[in-house]
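The same subunit A turns up in both complexes below, where it pairs with subunit B and then with subunit C.
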Partner chain A sequence: MIPLIGLVVGIVLGLLLEPTLPTVLQPYLPIAIVAALDALFGAFRAYLEGTFTDRVFVVSFVSNVLIAALIVWVGDQIGVGSQLSTGVVVVLGIRIFTNVAAIRRVLFHA
Partner chain B sequence: MPDAPRATSRRLAALARARARIVEPGSDGTPGGPSSEERPVPPPRPGVWRRIGLAALRPGRSQVVAAVVLCLLGMAGVMQVRTNDSGDAYRTARREDLVQILDGLGVESRRLEAEVAELQSTKARLQSGADTQRVAREDASRRVQELGILAGTAPAHGPGIRIRISDPQEKVDANVLLDAVEELRDAGAEVIEVNDSSRVVASTWFGNDGTTLLVDGVPLERPLVIEAIGDPHSLEEAARFRGGIVSEITGPKIGGDVTIAQLGDVVVTSLHAPPASQYARPAAAGPTPR
Partner chain C sequence: MSAPGSAVRGAGRRPDASMDLLNQILREPVDPDYARVAGAADGPDAPVRPPARGRWAAALVLVLAGTLFAIAALQTDRTAPVAATERSELLTRIGDAETQQDALRLQVDDLNHQIDQLRSVALGDDDASRALEAEIDRLGPAVGQAPVTGPGVVIVVDDASGGADDARDQVLDLDLQVLANGLWASGAEAVAINGHRLSSLTAIRGAGDAITVDYRSLTRPYRVEAIGDPRTLQGRLAESAAGAWWNDLSQNRDMTYTTSDADRLVLDSDPGITLRYAQYGEGVQRR
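And now, the complex of A and B:
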């Protein structure tokens, strides 16, 4: 319940405050969001399987976001930024699908 | 689900709980401990939904953490969506992408410029064609006017003379009239009319019916009035020269009287109706002479 409230509060805050990211960081925000989604679904899966711990969740969330952004940043530096970001999105997408499949299995036994 | 993973997960959960208790003994361990101890134990199949429901009723520290993280994620998501929506996508784009976009735009603009040039040349061509056509049409209509005057199918006006021939003995015959017309034509008369009713054209003939004069089969009443458009002075001289019309008519053979008036504007309204040619057809002519 509280996480959902947190999500809603975050969206409302984003709408009301209109925060802006520094221009330097803006190219990495989409990747970071995808990484965060991956961490989120992983956490939910772990929760359903009874292995959830908030510390692991926070650490994995932060590290996922940072590593994804870092990979893309490094890619940008060496000139393969768009390719690397595509690769990261693909990998994270696969992970998200795997996690969601596991969640679905636990919740609906299907 | 098989037994082994469940046991492992239970063990891991217990481990995590223990660690949580060690780290923060008082805060969350007591309420979270016993309840979550029971939750993994029952078989998860019927219990998953109930567990979620219970968790919703009994918030714990981990839920607060998740809430904070989700709050951040929501903000980030809104931020990104807003950036995307603002249409200012180029601000966040990479340099290579921008170069590619610029390249594409350059190619596109070159293509469009070529198209513009082509269309403009087409437009110029069409315009000049239309101009040519307009000039040709004006020229043709002017020629129609001129030819109409020449053929007697169009009314005309202009400077000229009026010759009035009174002939009490009615001795002016077709020959005299023909001479008069020929003299006037020689002097440059462009339009000739007899008695305000008969236009003299190329096919006009004069004849006698007793003492009555005929023009194109129409009898003329006396006195005769000949109107001619042309240079008035030349026309009058052509009529008056020695041995010309005037001296012939006023001579003893005819004994008539001639008055000539030079007019600034002679109006000729009588028309000649040309019969439709029965045999002759227009042939494809060369360029019209100007």
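And now, the complex of A and C:
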């Protein structure tokens, strides 16, 4: 229950406070969100399989987001930022789909 | 001995070994640490972890995730109107520039008129001057320097109504060039496309999606006006190569091609015409 409440509180906070991200960080926000989604779905699947651990979740979430942003940043520096973003989105997208499919199988037995 | 082992591995190499990255992504979608830590927790040397602190850290991370979503959604929401504003601003600027261009063209027409008056004053009133004036009057309409009024034909052409996505169903710059040349060949004295008078220096070109005449882009449909003998112009055009070209386009490509007579057409002069070369005539005295 706590995770869901945390997520909702975060969304409400973001909508109410409307924090502005520094312009430098703005290009990395979408990719960071895809990475965050991947970590979230991975954690949910682990939770359903009974192997969820808070510590692993926190570490994987933070490192996922940072590494995704870092990859895009490095890509921007060497001029292949958009291609690397595409690569990150493809890889994380595949993982998200696989995880969601597994979650669906556990939840609905279908 | 590693040789036999590597030989066996080489023989048993899976056909999709080169795609191992994708396979790994598919096989290990969940962080393997979850399984490892969970396995260690069940083991005899299970670490004593503080559950409360970990849970709060996880909750904090989830709050962070929610905030990230909200920020991104707000940002996308905020940048959309900015792009729309920029677009409309650009459109306004284009409109302003075109208005200014029109004003400048009017000014050019006005100045050309003044030049005409000054020229007739400067030429004086002797026989040679009158002959020159007559020649200017005769050539002016033909080269597009003077506005022309008279009967003629109006031809309206347009892209095919249905599949205008196909470039072959669209009117191209070449099609308008052929039509204009056909009209000249059929005896037209003056031709204008969408109000832009054609002269021997006018370029009909394709620029991006639009056709430009005199470097001004046209909007569909294209209205081609030609002044000439209304009794023969239409018939001669139909018999010419341009007529055949457009018949083919209208029948096989379903493009609009309608021809009609007009009793009175007014074609402005081509503002692009400037004096590039001048020479003292023989019968004219230097002043």
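Everything that follows uses one rule, which is that the second predicted complex is superposed on the first by the 110 of 110 C-alpha atoms of A that agree within 3 Å, B and C clash if a C-alpha of one lies under 4 Å from a C-alpha of the other, contacts with A are read in each partner's own complex, and residues count from 1 in each chain.
Convention: contacts are C-beta pairs under 8 Å (C-beta built on N, C-alpha and C of every residue); 3 or more make two chains touch, one makes a residue touch a chain.
Please read these numbers as outputs of a predicted model, since none were measured by experiment.
The superposition on subunit A brings subunit B into a clash with subunit C. When the shared chain is aligned, subunit B comes close enough to touch A:107, but subunit C does not. Of the two partner chains placed by superposition, subunit B and subunit C are both touched by A:54.
Look at A:19: by the touch rule set out above, it reaches both subunit B and subunit C.
With both structures placed on the common chain, the touch criterion links A:99 to subunit C but leaves subunit B unconnected. In the superposed pair of complexes, A:42 makes contact with subunit C only, with no contact to subunit B. In the superposed model, A:76 makes contact with subunit B only, not with subunit C. Clashing C-alpha atoms with subunit B after superposition occur in a single stretch of subunit C, namely 40-48 (options considered: 40-48, 94-102 or 274-282).
On subunit A, the surface patch touched by subunit B in one complex and by subunit C in the other comprises residues 2-3, 5-11, 13-15, 18-19, 21, 26, 29-30, 32-33, 36, 40, 43, 49-54, 57-58, 61. Residue ranges of subunit B in contact with subunit A, taken from their complex: 9-10, 12-13, 16, 19-20, 39-40, 44-45, 48-49, 55-57, 59, 61-80, 82-83, 91-94, 96-97. On subunit C, the positions that touch subunit A within their shared complex are 22, 25-26, 29-31, 33-35, 37-38, 41, 49, 51, 54-55, 57-72, 74-75. Considering their complex, residues 1-11, 13-15, 18-21, 23, 26-27, 29-30, 32-33, 36-37, 40, 43, 48-54, 57-58, 61, 76, 79, 81-82, 106-107, 109 of subunit A touch subunit B.
For subunit A in complex with subunit C, the touching residues are 2-3, 5-15, 18-19, 21, 26, 29-30, 32-33, 36, 39-40, 42-43, 45-46, 49-62, 65, 91, 94-95, 98-99, 102.
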